[in-house]
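Below are two complexes that have chain A in common, paired first with chain B and then with chain C.
What follows is the complex of A and B.
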């Protein structure tokens, strides 16, 4: 399964770019990247999801991890999630603590 | 992949018929039918489940959103069987699928301990802050809410879960 994750940190904004399919077999990679991002001292975490074609509950697990690791004052935003990915995030009620932008 | 649904579709036409399926299966289809996938119960096998379901759903003409949801449900159910059914034990999962006039179904069978996945389902605790959430059971909840029906039966000691997605009515 094809999945790719990239992390960029600048101006205290950490940006994680997700590409492909995020499921139980690929979520570890996202998890590790969230962990790295949380150590960068950023005030905002932006998750770019325009090219994320699929997300299972394993991806939600990593988002909870992100919320726990980043601390209360850090804003987390998911940008450009497709309709079904955004639906999964809303079904789980995560949109109360994570901003869905352009979804 | 070629799909031959005749025998299995007939057997699943009604709940009563479905209960009779194992014995009828033995008589009608001595070898595993071509529309059944048998995979080791490992996370690495999830790709095969996804490919199987996506091909089946596409052949049935499921709209894109419904196809995504059926794949999500199948993926979560298979993940649940691997992680919570067999846990660290080795085992096998068989995945069968069929297309009927008005619906597509996918059936999972495994020999892990008897367990109705719906028992482990937990709707999200929306009143609890995200950082304090326990999210076990969320996958099955997503699966349950993604499809039109989700049935579980214990058949001769095997766990049998069936996901159904209705096909849009054609004029």
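What follows is the complex of A and C.
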């Protein structure tokens, strides 16, 4: 499945929808999208991950990037991540700075 | 926005040094920065730096992650070398997909110390991550030309508000454990058994136990499959389970991370450290700088040997490996380049992983000169003691080596180093077992071993009765002899000087008498350990009576011999509760945690010396050879050098097979003895809560059963005076 990333900014909530495989070859797009979301002055970043089929270490790194890019005040939520993806996030300890929410 | 729309250029002001000056093949490069060594992300690229004094050529070998063959090999141009350091910045690399190594050319002339081999791709000694062995025990491709692959890492972990705990060394209660073994057992109930994440899930257990420091067996990358032996009965592969065979000193073991296959081992380990700190628990790493996984001349060429053998290893004048470690090679720790390496490594773990201290395996090697001679003023040890980054970390030496250099009590310490006190272990074991002639020796050990550490603080002595190396506490009271047949060495491995006693039957026993006695002996040993001056260290699982079925050297046993069986938490709840109580008691009583050795004098004007010794009769210790009863009283007025007022503590140890009626020392007016613990009394009367101890029925006497320890607290019965 090819990778796709979409950004919507609505009432200071930025929503990023991810589809397909987030890996080393696609993470740069995600990076750039997070950067745009941060510039929009959002107070909440929602990453919709229901259709994300795989997240490689590069994708996890992007979450770290998002956390640091957005600043402490911005809540970051990942919605609907599959169990393997959510589990990896928890194991690596990123669940402390990012909210994992079921779809 | 679709993927295509995300291509708009970002406004990034590039640094001037982010431009290549050269091109090697398809790779834009420029001369790199020599420091820091290793592969470090820089604007636009990755800076690679490697040392070799005697190489005649050096190449950087780049791989796509997991690929068999290199993607490229970039020879360092002559102008990229400064001194003995080759440095190059390569632009446009994808960090996530990058594995790298070095190829060093030079003479193969062992007599001169050189063992260059340009058929090998060498791992970077400064690699921050190693890939290739990401899943514990997974069979690798043995024909892989480059099995331990260096990777660069983003140091971008979010530590939040984590700051060093800086618990005073004398206040520590250390818990020695193994990352994998702690949760690998099926009974652990954690999500990812045998990993950093699994250990993190058990933090509530550690906190409830009361320990405030974990000491982890080696977590630097090692190869658990480098053990050629197998179990002689089952034929199963034996592992290098403990991991005292470092492959890479800057890299956390990937196979200990549930997320290691994603390359997230650094984050997972940092997350463990952060959460331990949040629970008030410090982290000490067991580090092995005395030798490496390259072994002797028969061993594999992984990194040091191929980069600069004569620098990194101690060599005889004929170019052979000195073997002070007993494992084939000896790291040349006091060579200036290697000193830098060790120092840089420890600094990295403190700065990047927030590690609180280190326990140095066979540390006596660290004070040997390049020719093996012990140095009177070893520069490495001095440097570590005074280093600004390591300033507040704990430094603990295993103060001996495999070649007979034994420095317990006189390890060069520079006012900073503590030592594993092997004499404490042996004296306490022998006394509790019932050997004669040890009353004076026990008193010395309980007082913080002033014979060994006079002039130093009491925290110079890390007291222990058991450690990973040797019997567990349960086995110490269940076996007279080691039973190491499963290790495949004909029961010839492991120590023979265990000072153990099986209480009448070898191995598991159905006899209630034997079982009771063993339970009591375990409690006796724990009580002495936790009441003594010095820093107590407990072996994980001893608090629940973990057994290794008499195996006293489970370095190779990745199975139920070694794993923590969590079923014991319920099965041996009484011992666990007893241990928990003793730890709480130690935390509650500063008189047990002073920095000064007690002197036997009254500097606080209490009318009592800070420490006094007693026998069956108060004030009359029996130092005779046949004596097997010793009581120690610590006057609470002297707590923390008289700065704090504590209760008085009286502890009597009876290693005799007969009970004794003890006469107790009188306290100040209005104070009476209260019973905290009696290992001879059945539960629930064997121990009381801290602060809730009942006053003795007969204030001046105590009937102490055979093979028992009693702990009393002296204080006023009137709450207002407490």
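In the analysis below, the second predicted complex is superposed on the first by the 101 of 103 C-alpha atoms of A that agree within 3 Å, B and C clash if a C-alpha of one lies under 4 Å from a C-alpha of the other, contacts with A are read in each partner's own complex, and residues count from 1 in each chain.
Quick note on the criterion: contacts are C-beta pairs under 8 Å (C-beta built on N, C-alpha and C of every residue); 3 or more make two chains touch, one makes a residue touch a chain.
Note that the structure is a prediction, hence the values are computed from the model and not measured.
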_In the overlaid three-chain picture, which partner chain does A:56 touch, first (chain B) or second (chain C), both, or neither?_
both
*Using the superposition on chain A described above, determine whether A:64 touches chain B (first), chain C (second), both, or neither.*
both
*Using the touch definition from the top, say if A:29 reaches chain B (first), chain C (second), both or neither.*
second
*Quick one: classify A:84 as touching chain B (first), chain C (second), both or neither.*
first
*Looking at the overlay, does A:4 come into contact with chain B only (first), chain C only (second), both, or neither?*
second
*Which holds for A:97: it touches chain B only (first), chain C only (second), both, or neither?*
both
*In this superposed model, does chain C or chain B come into contact with more residues of chain A?*
C
*So, does A:12 touch the first partner chain B, the second partner chain C, both, or neither?*
neither
_Those residues of chain A which chain B touches in one complex and chain C touches in the other_ = 23-24, 56-58, 60-61, 64, 67-68, 88, 91-94, 96-97
*asked:* Applying the document's contact rule, which stretches of chain A touch chain B when the two form their complex?
replied: 1, 21, 23-25, 54, 56-58, 60-61, 63-64, 67-68, 72, 83-84, 88, 91-94, 96-98
_Using the touch definition from the top, list the residues of chain C that touch chain A in their complex._
1-3, 6, 8, 10, 94, 96-97, 154, 156-158, 160, 191-192, 195, 197, 200, 257-259, 262-264, 267-268, 270-272, 274-275
*For the complex, which residues does chain B have touching chain A?*
43-44, 46-47, 50, 65, 68-69, 71-72, 75-76, 79, 82-83, 124-126, 129-131, 133, 135, 138-139, 141-142, 145
_For the complex, give me every residue of chain A touching chain C._
2-7, 23-24, 26-27, 29, 32-33, 35-36, 56-58, 60-61, 64-65, 67-68, 87-88, 90-94, 96-97
